[in-house]
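Consider the two complexes below, in which chain A is the common component and chain B and chain C are the respective partners.
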Partner chain A sequence: MNAFLAILRKDLILELRGGRSTTALVSLALLVLVVLTFALERTAGGGPATGAGALWIALVFAGMLGATRVMVAEQENGCLRALLLSPVDRAILYAAKLTASATFMIAAAVAATIMAMLFFNLEFSDSLATLGIALILGALGFSALATLLAAISIRARGGELLLPLLIVPIFVPALIAGVKVSAAALSGAPLAAAREWVGILVAFDVLFIAAGYLLFEHVVGEE
Partner chain B sequence: MAAPVIETHALGKTFGLTPVLQDTEFRLSPGRGAIVIGGNGCGKSTLLSIFAGLVAPSQGYALIFGEDTRRFGPRYRRRIGMMSHQSFLYPNLTARENLELYARLYEVSAPREVAESWLARLGLADSADDRVRTFSRGMEQRLAAARAMIHGPSLLLLDEPFTGLDFDGAARVRTLIKSALDEGCSIVATAHTPFAVEGIEFELYEIVRGQVVPYQEEDAPRRGRLRSLLRPRPS
Partner chain C sequence: MNRRLYGALGLSALTAMLVALYMVFVWVPTEADQGIVQRIFYFHVPCAWVAFASFGLVAIAGIFYLWMGTQIWDDLGYAAVEIGMLFCTLVLITGSLWAKPIWGTWWTWDSRLTTTFVLWLMYGGYLMLRTIADDTEQIARFAAVIGIVAALDVPVVIVSVRLWRTIHPAVLVTRQGGHGLEDPRMVVTLLVSLAAFTLLFAWLLLLRFSELRMRTRLATLARDIALARFRAGAA
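This part shows the complex of A and B:
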């Protein structure tokens, strides 16, 4: 637990000082939302479904940009090797990296949600809690998947190009579920109305957190 | 006789088609120091990385504290300290934060106080709250030495530890190495010349044709990989 907190604290300090991940995530989310607002305005006329779709597109694009940051930061001065040399369990290292990545993404999601509400003229209501659940589950699943794949891609030549090609197809089930839950939430429906989709998000998170926990050691192991 | 800290058997490492280490036999007894000399690209860093469990051998095996490096668990990693070409320091953290972080990862008690004492030992107390990004090469190298030793390892792997150090910095690091040896720590260091560790009781080795062999003074420093490979294999 001590090591987990030490690594997480270090990642948060580095982010606060550099601010590269969250700033990039929020900027890209803003850009995508602005473009989609103008692109969809005349055909779909806004609305919860469009807003939800735009929000998740923004999050996925921003998430891909931020996914590698947490792992790339460890490449400078060979710090990843130092972490691997330390007695810290690889699974703890994965958990800390996942938590840091998810924290940055949730921060970006909060900003993107506020922007989406404004751009798509959506109402702030009680169902925001449902939207919050969808976004947290989505960010967690995306971070679990991205952290694992980023650990693979940073070792490969051209890995940053490879990463989106690996992440997006795998994330599609969670993306569809996230859009469905968000659309339901933004149209004022209760959580129960989107229960099956929430179940898919939870299953996705459990699957990829478990996969990362078990596989991270092999992914970052010996060269 | 105490079991060796390091024992290799037919150790080899190949990168692609290029053999770097071949049939290497090497032993290091507890509390002893060894320095491996060789030119650029002859396999010194690879050898240390294998000992640290960071690189898997292509042939043979290396036992550290009796454990195969391929199966290194936290219990063994805790006993090793390594100084590499890379400093392993986070540029956007301060010197104190870096040392404190590693002290916590190695479960050192009172990490903040221990970090402070190491900064003082290496003459970096005045720069404790400066970010590593602002450090000179020599300051970073001194801090890297503290990082490698902060948890009191039983085996120190030092890859060209004096690189970039000025006279004062080299003297401080030399003192630290001597102290570690006096306290029973085993050390394997690498250098381009044996002069780097003058004044420290080290067994001298060199890498010839990918093999670690006792250093022969008359051959003097420094073959790179090409000259190392061209030289006849020792009988």
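This part shows the complex of A and C:
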């Protein structure tokens, strides 16, 4: 637990001082929303469905760029090797990296939500909590996947090219569920209306956090 | 022994395939509602079966590779993913050919279509990792992990996409309990076709697998020779 907190603390301090990941994530999410506003010509004046879709596109793009930063940053200057040499269980390392990456993604999701509300004329309804749940679960699932796969992509040749090709198809179920929950939330439906979809998001998260936890040691390997 | 085995396998696959073709085009009666197009079904379903069996094999090979670390499992996974991608592509194409006259569209985001397409994308990524990156022990480990992760995703994809939408005919098992194939000859044709494709699958797998095994052996030999030369030079 101490090791987990130490690595997480290191990543958060690094981020607070440099702020590269969050800035990049938020900027990219923002740009995607701007592009979508132009590309969709404000289809039917925005609306919950378009807004939810735009929000998740922004989240996925931001995630592909940023959720891997926590691993890429370690690779630079050989910090990953130092971490692997330290007497820390690889699974703990994975958990810490996952938490850091999810934190940055949630920060980007908050910024993107505010922007999407403005750009797509969405209502701040009572079920903002539902939207929050969807985004947090989505960010967590994406980070679980991205942290595991980023460990692969930073060391395979042509890896940065492959990463989106590997992440996005696997993320599809969470994406469908996330968009459904968000659309329900933005149209003011209660959480109970999207219960099944929240279930899928939770199942996705549990499955891939567990898979990452167990498989991470095989991808960082023995160097 | 290996050569005789895949000679026999290849021959029986060919025979079974010819019998299946005869049954599909001549023997089996034409389906009443859909007409002649329905006959593609006897190839469509076996292709899907081979694709799913291959992807299952990829995951199993991945687990064993991570567990035992022997090259043979990696070779098996590699051979299986290639065959899986081939047959998954065939499933999508034969499905499209059938859907155009029956549904009036080449493609629709129905649950099974979407699931198959998502699988195709996932294993396409896996195959790209293997082709772009060098063939090292590290890549073998990465591929095993991705093979396992992709297989874990399959049930979630199926559930979520089914909840999302479905119009695909449930041919084999419907909720009413019928299977939609009225004539017993249709069932027989499907079974023969399934057997033919399974033989073809086994033959292709064995062929590709032996080739990869040979490549591994060749690489080991080349390394040993280089090492021996180096030692001779040093002495």
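Note that the second predicted complex is superposed on the first by the 218 of 223 C-alpha atoms of A that agree within 3 Å, B and C clash if a C-alpha of one lies under 4 Å from a C-alpha of the other, contacts with A are read in each partner's own complex, and residues count from 1 in each chain.
Here, a residue touches a chain if its C-beta (ideal position, glycine included) is under 8 Å from a C-beta of that chain, and two chains touch if they have at least 3 such contacts.
Small disclaimer: the values here were computed from a predicted structure and weren't measured.
Trainee: In the overlay, answer first, second, both or neither for which of chain B and chain C A:172 touches.
Mentor: second
Trainee: Tell me the contact category for A:118 with respect to chain B and chain C: first, second, both or neither.
Mentor: In the superposed model, A:118 contacts neither chain B nor chain C.
Trainee: If we overlay the two complexes on their shared chain A, which of chain B and chain C does A:129 touch? Say first, second, both or neither.
Mentor: neither
Trainee: Under the stated touch criterion, which partner chain does A:200 make contact with: chain B (first), chain C (second), both, or neither?
Mentor: second
Trainee: Just checking: does A:76 make contact with chain B only, chain C only, both, or neither of them? Give me first, second, both or neither.
Mentor: first
Trainee: Look at the residues of chain A and decide whether chain B or chain C touches more of them.
Mentor: Larger number of chain A residues touched: C.
Trainee: Look at A:110 in the shared chain and tell me whether it touches chain B only, chain C only, both, or neither; answer first, second, both or neither.
Mentor: neither
Trainee: Pick out the shared contact residues on chain A: the ones touching chain B in one complex and chain C in the other.
Mentor: On chain A, no residue contacts both chain B in one structure and chain C in the other.
Trainee: Please output the residues of chain A touching chain C within their complex, sorted ascending.
Mentor: 145, 148-149, 152, 155-159, 161-162, 165-166, 168-170, 172-174, 176-177, 180, 196-197, 200, 203-204, 207-208, 211, 215, 218-219, 221
Trainee: Considering the complex alone, what residue numbers of chain C touch chain A?
Mentor: Within the complex, chain C touches chain A at residues 66, 118, 121-122, 124-126, 128-129, 132-134, 138-139, 141-142, 144-146, 148-150, 152-153, 156-157, 159-161, 163-164.
Trainee: Going by the contact rule at the top, pick out the chain A residues touching chain B in the complex.
Mentor: 2-3, 6-7, 10, 13-14, 17-18, 73, 76-79, 81-89, 222-223
Trainee: Provide the residue numbers of chain B that touch chain A in the complex, in ascending order.
Mentor: Of all residues in chain B, those touching chain A are 49, 52-56, 70, 74-75, 77-78, 80, 82, 84-93, 97, 101-102, 104-107, 147.
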